[in-house]
Amino acid sequence: METALATLLSPIILFFLLGLGAALLRSQTTVPEAFAKGLAIYLMMAIGLKGGVEMAKNPLTIEVVAVLIAGIILSFAIPVLAFAILRATTRLNATDAAAAAAHYGSISIVTFVAATDALERLGVEASGHLVAVAALMEAPAIISALVIISRMDRQPKDRASAMADADRGELVREVLLNASVVVLLGALFIGWIAGEEGTAGIAPFFTGLFQGVLCLFLLDMGLSAGRGLRNGWRQLGFGTIAFGLYMPVVSACIAAIIAWALGMPAADAALLITLTASASYIAVPAAMRLALPKARPSVYLTLSLGITFPFNVIFGIPLYIGMANFVAG
Amino acid sequence: MAETYAMKRIELIVERMAARRAGRVLQESGVTGYTVLPALEGYGNGQTWRRDADISGSSDMVAIVCVTSAEAASAALDNLAQLLAEQIGIVTVNDVQVLRPERF
Amino acid sequence: MAETYAMKRIELIVERMAARRAGRVLQESGVTGYTVLPALEGYGNGQTWRRDADISGSSDMVAIVCVTSAEAASAALDNLAQLLAEQIGIVTVNDVQVLRPERF
Amino acid sequence: METALATLLSPIILFFLLGLGAALLRSQTTVPEAFAKGLAIYLMMAIGLKGGVEMAKNPLTIEVVAVLIAGIILSFAIPVLAFAILRATTRLNATDAAAAAAHYGSISIVTFVAATDALERLGVEASGHLVAVAALMEAPAIISALVIISRMDRQPKDRASAMADADRGELVREVLLNASVVVLLGALFIGWIAGEEGTAGIAPFFTGLFQGVLCLFLLDMGLSAGRGLRNGWRQLGFGTIAFGLYMPVVSACIAAIIAWALGMPAADAALLITLTASASYIAVPAAMRLALPKARPSVYLTLSLGITFPFNVIFGIPLYIGMANFVAG
Amino acid sequence: MAETYAMKRIELIVERMAARRAGRVLQESGVTGYTVLPALEGYGNGQTWRRDADISGSSDMVAIVCVTSAEAASAALDNLAQLLAEQIGIVTVNDVQVLRPERF
Amino acid sequence: METALATLLSPIILFFLLGLGAALLRSQTTVPEAFAKGLAIYLMMAIGLKGGVEMAKNPLTIEVVAVLIAGIILSFAIPVLAFAILRATTRLNATDAAAAAAHYGSISIVTFVAATDALERLGVEASGHLVAVAALMEAPAIISALVIISRMDRQPKDRASAMADADRGELVREVLLNASVVVLLGALFIGWIAGEEGTAGIAPFFTGLFQGVLCLFLLDMGLSAGRGLRNGWRQLGFGTIAFGLYMPVVSACIAAIIAWALGMPAADAALLITLTASASYIAVPAAMRLALPKARPSVYLTLSLGITFPFNVIFGIPLYIGMANFVAG
């Protein structure tokens, strides 16, 4: 309860709510795309550096590797579950269901950061390697969704549906070398080799400003989520909207069991649970436009950005922290 | 007056994520160049999108302008038909006059 | 060669603040879609404007491209005449060929 | 005198002069629009938060409410006066005069901030609720100008001049929910409920960087003002140019009387006077393109951005601080 | 239906650094206005460029759209031929219909 | 050796390498142009202010003036040498050779800053007036290259090749009043008259964040350099590529001799050498598109941004610091 209130009164969440409210009231307030993209790169550099500097403090143990592998497996597995649920409970066709499922297997770095912020407000700090987990969980879900669809489509491919080599190359680069993977892993590595001392000169920029920049970014996220919700919710059936609310909790439970099995400390568990529960809204939509162009963005984006993201940021994070305390306790 | 020559102008309005694929289709069709212009917002199918209001950028469109010979334009249309069956977009062609036909 | 069909391409160059109003006029005229492109700078009436050099953005223009049927184009022109009497802007129409006419 | 010199030697003003000079010399230096808009959002968040945090320190008294109401009344009233003066002393038609008048009733948030900065250099600080006054003074002037015009136009409206419902809806949202109103009031509210403690984490970004970002923004303002002046001054008659110089002083005198009547402390009075004397160059021009498209931007923008803004920032602020000290003394 | 009049639409795709010079050429040719649109990326001569991927901006192109009378268009083409011999760029002209011909 | 390692482990260089690597692997990661341009303006303001504040601490001596003049002479002279070398050793035509030569006479402000950073990591600081030297070395090289070309072209000019007055005006403004000259010299002057005290309020923004912003900017430089290299290297012959590697060293030797003749202190000498060795990739390419449109950007940009910039930043700077220690020792 206390956690929930502390989360809700964080300026980060308040700015998100401000953006959400303004967009629902149809205000034309926007943050220019180029500026928001610049801030996103800043945020990923800052997250990566911080994680790398933390990682440099401890040796790479087998426990760390286990968590990395667990994250990858979760990212591969969640889409299979999400796809099955969507097909069983909604009228979405296979392509739409697979595309949406990919979003839930992948992660939202802003949700991750909001959880980190909530933990810090409670006076706890998670390990640096969770940033690596976040980066590694981006891509597997996309691969998983594409495997699901190619399994369904057993008829021999004609020229139209078979992907040209160049198109496949573009997709592979988009999945494995997209901006967030490159910057997050790159900055993590830089933080790791430069260490606390080596990054002292850049700390005022990347550490001191982090929370403030996040406020600005979340204002924009709120504006985007509100607009997406206003435009898109009518296109989603009741079952699909409900999915956007319970799926993160289902994912969270699975991640909680794994965190318990791995004996993760509470703060780390909270972040692994949050990552698993979060849904992508930048990297996966881009990959889906390349790989599954017939899937409708108005479905998967309204779900992940309009429903699941606000749910996670407002209600989910306190819940996931509670779950983590329970399994780690 | 400067002498002018007949060419075709293809304009393809297509999702941003499909622009590279469309560019490859144009290249394979034998055009010698094209230029991609950004779009700010749009309307279609009863829905509007707006670049600055959607952080995911998943509805962003671009306009691809390509000036080319009649043969290459015809090949490009054939090849684009297939792309447009899969990705969101429209294509138009019209007659234009150019200077320096050897450039196309 | 892919079969093509005759349509009209309307291009409206209009102030950015009037773009939404112009969009509504197009929608009421029965077009099925349009796309708004940003402009960087321009010249008219002996004056130049430049997007990055004016913090107020009050001279910014956009180009609205709309591919539509002859009837909708004709209705759109009628309705745009009035808008253009009030706001700054120009409109052009020309013939184009498209694939998949059912889309418009 | 000392105040005037201190103001002129502030880096903020020096960067403004740099931009102004470069633009007058026809340098092509520009700050990209997307970047400048991002900075503007940052500035409004920072101003709102600071005001809110200050407001949280004191209870909302009847004096505060009186100042808020005074600001709203000034914003409604100044356009009536400005319109009358413009019609009497210049050859501007009714539409151009009404549009220009709206700018003078509304406010310039950057002029407000420059005044705050000048006060801080003198070691005084104004109350937080002046930020709320600023936000509330944005819109009334626009309404006032539209009422003036609709009164003049008594003939029955034909379809061309009557506004369609959708157009009116767009205008109302632009006036009441434009980016500066939303962000300023939203951030004020967030600062108010989060308080000093709740905003400590974001203080390095919003407080520490404020003055520096302002320098960058004022470089851009100088570039815009210089370009506007170079392109536009030939289109303005002598009477109109003079109006851009004396109107802020006239407004300032009226605000000074009100500040005196309300018994406002000197720093608060200085800001109320500055707000009243300042002229809008973002929110009002946008609204005018929607509501009075026949009014010429080259008139109202050259006046507010090319003439009144530089006048206020260079000469006006020291004068207004002097007036405030006089009426509050 | 609103009455329309025949005009020419010139479209010049040219490097960004040459846009001002091109604008001057158009003005000298007697056109009454033009609008410059930014480009995002492009392909020509076997090479692609991309605005956001080149910090020098030295390959950036823009599209200049100019609606004008047949005479001014003809003069503009003559004058542009020379500019295009020096700078990178292409120019197209086509027939369009406009409202309010007195504007051009 | 130690210097070289310290340079290579600086986060600034690591982010450059990250961008370079990502672009060579054909990642589509980009920093939006508007954001990067905004950061570039920030960097130039910060550099100028810092230099100006430093300059205000000491009187303007004859030694300072001598260094300023030496910089201008170097900027004029290097293109003559570079042109001669390129014509003798490569198959570039006169126009391409002159355009490339102009880049090597002018300077790269990021290389300058990277050298400043490397010096600071070694615990030494250079004088503020080197910033003025940097600003003054931008333009002369362009003039020099244009003189070379006009000397070559002795035949009477027809209308096509003679520049119209308006075109010449545009070129002159682009050369003398481009953004980096205006902002760098303007900020230098502001720092100089405002001094340490007057700029204390903006120090957190311009000093505290400098290194961090530089990381982000160098990530973008790496992405640009990598892409330029990947697209352009095939168009350059072996001689031209080699020129991009030895020319900076040749220039550095000349500058070292001058630094020795002027008796410059080691840190100042290191920066003068670095400036002379560095090649422009923003101001000069823009001027060349105006003045020598027939010169191919794929030649001069691949050379300066794809070859010389990475060489200088990775290997050159430690070398130039070594040379400076030698001549100043």
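Per-chain residue numbering starts at 1, and chain names A, B, C, D, E and F are given in the order in which the chains are listed.
The rule we apply is simple: a contact is a pair of C-beta atoms (placed from the backbone, for glycine too) under 8 Å apart; a residue touches a chain by one contact, two chains touch by 3 or more.
All figures in this text were calculated on a predicted structure; none of them were measured in a lab.
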Problem - Contacts common to chain C and chain E (chain labels) - result: B
Problem - Third chains touching both chain B and chain A - result: none
Fill in the blank from the handout: The chain whose C-alpha centroid lies farthest from that of chain E is chain A
Practice task
Average the CA atoms of each chain to get its centre, and name the chain whose centre is farthest from that of chain C.
Solution key: F
Exercise for the section: Answer with same or different: of all residue numbers used at the interface between chain B and chain C, are over half used by both copies? Expected result: different
Completion exercise
When centres are defined as mean Cα positions, the distance from chain B to chain E in whole Å is 17
Exercise for the section: Can you check how far apart chain B and chain F are, centre to centre, with Cα atoms defining each centre and the answer in Å? Expected result: 38
Completion exercise
Expressed in whole Å, how far the mean CA point of chain A lies from that of chain E is 44
Problem - Shared interface positions of chain F, touching two or more other chains - result: 30-36, 38, 204, 208-209
Fill in the blank from the handout: Residue numbers in chain E touching two or more further chains are 37-38, 48, 94
Practice task
Can you identify all of the chain pairs that touch?
Solution key: A-B, A-D, A-F, B-C, B-E, C-D, C-E, D-F, E-F
Exercise for the section: Provide the residue numbers of chain A that touch chain B in the complex, in ascending order. Expected result: 23, 30-33, 36, 159-160, 164, 166-167, 170, 220-221, 223-224, 227-228, 231, 281-282, 285-286, 288-290, 293-294, 297-298, 301, 305
Fill in the blank from the handout: Residue positions on chain C within touch of chain B in the complex are 1-2, 4, 7, 9, 19, 23, 26-27, 32-38, 62, 65, 67, 94-100, 103-104
Completion exercise
Residue positions on chain E within touch of chain B in the complex are 11, 13, 37-45, 48, 61, 63, 74, 77-78, 80-81, 84, 90-94
Completion exercise
Interface with chain F, chain D side, in the complex: residues 9-11, 14-15, 18, 22, 25-36, 38-39, 204, 208-209, 211-213, 215-216, 219
Problem - Interface residues, chain E side, partner chain F - complex - result: 15, 17-18, 20-21, 24, 47-48, 50-59, 82, 85-88
